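The structure under discussion is supplied below as structure tokens; questions concerning it will follow.
Chain lettering (A, B, C, D, E and F) follows the sequence in which the chains are written, and residue indices restart at 1 in each chain.
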Amino acid sequence: MAVSDEELFAVLEQQLYTAVISDVLDEMGYRDQVMAANLRPIGDRPLVVGRARTILAVDYYEPLDEPYGVELQFVDSLRPGDVVVAGTNQSVRNGLWGELLSTASQYRGARGAIIDGYVRDVRKIRNLGFPVWGTGTKPVDSAGRGKSIAHDCRVLCGGVYVRPGDIVFADDDGIVVIPSELVEEVVGKASVKVAAEDSTRSDLTAGMSLSEVFRRRGVL
Amino acid sequence: MAVSDEELFAVLEQQLYTAVISDVLDEMGYRDQVMAANLRPIGDRPLVVGRARTILAVDYYEPLDEPYGVELQFVDSLRPGDVVVAGTNQSVRNGLWGELLSTASQYRGARGAIIDGYVRDVRKIRNLGFPVWGTGTKPVDSAGRGKSIAHDCRVLCGGVYVRPGDIVFADDDGIVVIPSELVEEVVGKASVKVAAEDSTRSDLTAGMSLSEVFRRRGVL
Amino acid sequence: MAVSDEELFAVLEQQLYTAVISDVLDEMGYRDQVMAANLRPIGDRPLVVGRARTILAVDYYEPLDEPYGVELQFVDSLRPGDVVVAGTNQSVRNGLWGELLSTASQYRGARGAIIDGYVRDVRKIRNLGFPVWGTGTKPVDSAGRGKSIAHDCRVLCGGVYVRPGDIVFADDDGIVVIPSELVEEVVGKASVKVAAEDSTRSDLTAGMSLSEVFRRRGVL
Amino acid sequence: MAVSDEELFAVLEQQLYTAVISDVLDEMGYRDQVMAANLRPIGDRPLVVGRARTILAVDYYEPLDEPYGVELQFVDSLRPGDVVVAGTNQSVRNGLWGELLSTASQYRGARGAIIDGYVRDVRKIRNLGFPVWGTGTKPVDSAGRGKSIAHDCRVLCGGVYVRPGDIVFADDDGIVVIPSELVEEVVGKASVKVAAEDSTRSDLTAGMSLSEVFRRRGVL
Amino acid sequence: MAVSDEELFAVLEQQLYTAVISDVLDEMGYRDQVMAANLRPIGDRPLVVGRARTILAVDYYEPLDEPYGVELQFVDSLRPGDVVVAGTNQSVRNGLWGELLSTASQYRGARGAIIDGYVRDVRKIRNLGFPVWGTGTKPVDSAGRGKSIAHDCRVLCGGVYVRPGDIVFADDDGIVVIPSELVEEVVGKASVKVAAEDSTRSDLTAGMSLSEVFRRRGVL
Amino acid sequence: MAVSDEELFAVLEQQLYTAVISDVLDEMGYRDQVMAANLRPIGDRPLVVGRARTILAVDYYEPLDEPYGVELQFVDSLRPGDVVVAGTNQSVRNGLWGELLSTASQYRGARGAIIDGYVRDVRKIRNLGFPVWGTGTKPVDSAGRGKSIAHDCRVLCGGVYVRPGDIVFADDDGIVVIPSELVEEVVGKASVKVAAEDSTRSDLTAGMSLSEVFRRRGVL
């Protein structure tokens, strides 16, 4: 019997953390699933889990006739459980995300946004309680600086290829992407690993040397 | 009848924010007025507005006979309403700004300092309540590392050309520079734009789709 | 009569700060003793002082037969007063440090860790109250990414060459390294300098101009 | 009476050079018209002048249904006197330009190509005698890496904004862009300046000191 | 019947080129096989093909007791057909490769060296006629700067993971790595693709438009 | 009896090379005397040796009243045997050096110029036969971009601190700086080392293994 997304998200949020997910993905041969360290939370609630909904915005150097076509369609199509994942080809000119898109996304049930670029309106976003990650804050708009060219395509965000439907999981340590087809296997293995780590921690706080713990447990 | 600086600063601080100022400057064709995202507040009160007073310090590799000539003259000439804007040609060696300069600047009535370089004595600066922005903290001094070569000249700070007298406005999102000759026009237009954004926000929180809001308001 | 490490550490922690230590080292001709500004505290207690214990981890691209040999030996040999200083050759792939190594280090009496690379398990590390500095957070492990090749060797950390036994001192401003043979001289000179700075500060808050203070005190 | 493009190009190629054009543009207040130094000629004939025809290619992470639509339309529309100017948003993944596009461009009469990205087939391009500039060579294709999203739009190439019809002029020193509306004024002033520089050079080789030459000529 | 390495190398060198190999690997899903563009040939004969023999050197900050252990063993074990592939974890301090190692490698029959770092003795290396690639030239030695920690391990060189025995192929465009298990399939497919490209080129030089050629041939 | 500069320069140019000088300086504990690899020769005669004459130019953002004061004085004071060494604080905006300064410097007997920045008029400089190194070519002038603030001071050029009178030696491999007080000792030791390297090379070309050569000679 399949696990619902709600159940899955709850296990990830409440029992697991990005480090153990990264370790399990490593062991399964998926070693490029953790986003770059310059993607930081804008607010002080750095925890989100959900299904990736992707958008790709690029630097552009002219005003557009229909400046927000792709964004509007994208945001209006968001559904509960979605997490916005925006690739920008590492833009340092454009300002893709701000309060209005956060407000609209939150209203549709989106759980957060991971923006591989600058974010603005950060005080208002914090007040909304909508979790947003970005590479920094800069009070510039996308008008005349960028163009969203596609949504729900494969994007590169924080150095990780993300496809629509992949699970995005962010906490204090950073952001990990679980390919959608692996999610149940990953969560299962991670739950086992957490138990092993708890034993290791107990050994250490009981005064055992690290070498002894490693000999005994076989893992660190 | 001209608006006094005090009135102007109050409107900016209390009713406006850097994002809307940036949008208005964009529309007027001034598209390079927002400083780089690596300029971050040292303290937790990231809000300042005032007239730019500029200084340019460069890397230097010998002790100086009169090590602090330009800094002393500059700081002693600061007046109420001034904001220090220091260019350093992107130095990663020098340490231009610290507690003593902050104390002296604050005493003269300066409202803050934007340093395109490293800052030290950050705990003491926070205790002073003097708002300072920098590219990081590093406990090094300028002696034998740098030389201030001019003040009240045009400088490049955070990628923006700043002239003495320009309005510097920083908040949570970042730092925007308003050319002095444009300030009344910019503030006027920004006030109008804020009202429009309030309407957009109301539409969104009333459940309207983003596309519908855009069709109705013509802006986002 | 020699000063004990405990006494030394207490003076540094309670009466001195990194900026004044850096100034004294500058005057003595040691001008490259301050670590790079991208080394930031993981927790909110950015204060540590102790003797450097060094380890060097490098990027590696295969699983290892004995993956943790050098780390285990190193951490199990830590003693009270030690501060871990880890060079990584500026790795952006590897994840050297996390909760388990922090727990084990803290148990042995180490006072903190300076990691020239990414750190994970940051929430748990904050809960431990073990002071750790890093270049960012990233939830990746060292397995299949890195190899610790030596400990208690000279390393490069944050751009400073650190030898085992050197004094490491970190506060809000950053991290300074005092060569072990200089520590008593440095601490002595720094104590004198702090008194002079207190006088300068009093002059300034009494309304004296910066130029006048400099003429009077000869220092800034 | 208007000067023909052919006449204009001949004067630039045979009598002028990028340095003097840059100086004249500087004096007229156009100070950002010289491309970045990492744009280097692929062949050993680094000289081209012509009218910019622009194309913008961006990084993309999926195969495309119509992979070459914009490129085909663009290249087939090239005419004698055109110089291809390709913006790529500073891509280091994509490989936009190679032998086939060079062959087709040359056949249509294009005079060269300035690619703000990597180029491949460099030996064959050299054999064609078609002048191409790029940021390096890399034998990768655009398929699955990039998407051309527009042509004959304003682009950013080597840090300079280029519009269709602007004059592009490249020689050993680098690449300068003359806004189309200024070209006759610029060429006129540059011709005068060349004569003055010849006098300065004569003075120097006659043994005059640099200070004396500057006093006499008022320029350097 | 298996193809000998000699036959394989001859086909690659004489009939194929890196661009077509990269295209075939792309189509087979191997999209990260081309080294970074900053790896450039030291001499003017940029052509080499052979089997990778790997070595990994890392930055180190102390003199070594046995400074050259791994290098000596490695170079003395080179055999005809080998190409040295040296990872350095992107060192900008160390100087791994020079004339003596080139001389010894050439004597053992190695066909060239790809060094992901600086090279010295470049004039002598050019005189030897031994093909070497590097990220630049710098006259520094490895003594006190680096340590070779393993050979014939998987390394990262120019951003590509290389295993011993993989085929390394470099020409004017750059360097491509063919995983050893794919080499016959890749060479076979590349030969077919070269023929198709020849037809495309003929169409173009016969005056056909690029759109027409693409419609007709289905490839570019 | 002291060696004349002419004799010294002749030995360096004709019998020694930068790699052996760097090795000798390393052994004497001077390990930061080799300039960065991005300083490349503009012409095809990359060989110069002479006494450093230093100048420091910094980015500046306004026209100057006396734009060329320091340059004029500096160039007019050059004497036979001098090599210009220009620090620019790593400018990527300014264009310090070109044909006129090369012509004037060559006339005064200077032997070459090492510019830690962009150079222009490269074709004319090549025709002069005046050896110039730079970080690239860019056809921009210093007017409105830079200011020379001192000459014959200690500068940082290519990452090496250079004082007036130090020996600058550049060849195909790069640029090494010999502190003036060490020059006779360095040249003496280097001559001995060259002889040892000749023996090593003979051993290798006679077919000895690298391990055997190292055992026999004790050096590589």
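By definition in this document, a residue touches a chain if its C-beta (ideal position, glycine included) is under 8 Å from a C-beta of that chain, and two chains touch if they have at least 3 such contacts.
Computed from a predicted structure; not experimentally measured.
Fewest steps needed to get from subunit B to subunit D, stepping only to touching chains, is 2.
Among the remaining chains, those touching subunit A as well as subunit F are B, D.
The chains that touch both subunit A and subunit D are none; no such chain exists.
When every chain is reduced to the mean of its CA atoms, the largest separation from subunit F belongs to A.
Shared residue numbers account for over half of those found at the interface formed by subunit B and subunit F, and the copies are therefore classed as meeting with the same residues. Taking each chain's centre as the average of its CA atoms, subunit D and subunit F sit 32 Å apart. Centre-to-centre, using mean CA coordinates, subunit C is 50 Å away from subunit D.
Multi-chain contact residues of subunit D (touching two or more other chains): none found. Contact between chains, using the touch rule, shows up for A-B, A-C, A-D, B-C, B-F, C-E, D-E, D-F, E-F. Across the complex, subunit D is touched by residues 68, 71-73, 75-76, 92, 98-101, 103-104, 107, 118, 120-123, 135-141, 143-145 of subunit F. Residues 17-19, 21-23, 26, 31, 34, 36-38, 171-174, 176, 197, 200-201, 204-205, 207, 209-211, 213-214, 220 of subunit C are the ones that touch subunit B when the two sit in their complex.
For subunit F in complex with subunit B, the touching residues are 56, 58-62, 87, 89, 91, 147, 149, 153-156, 161.
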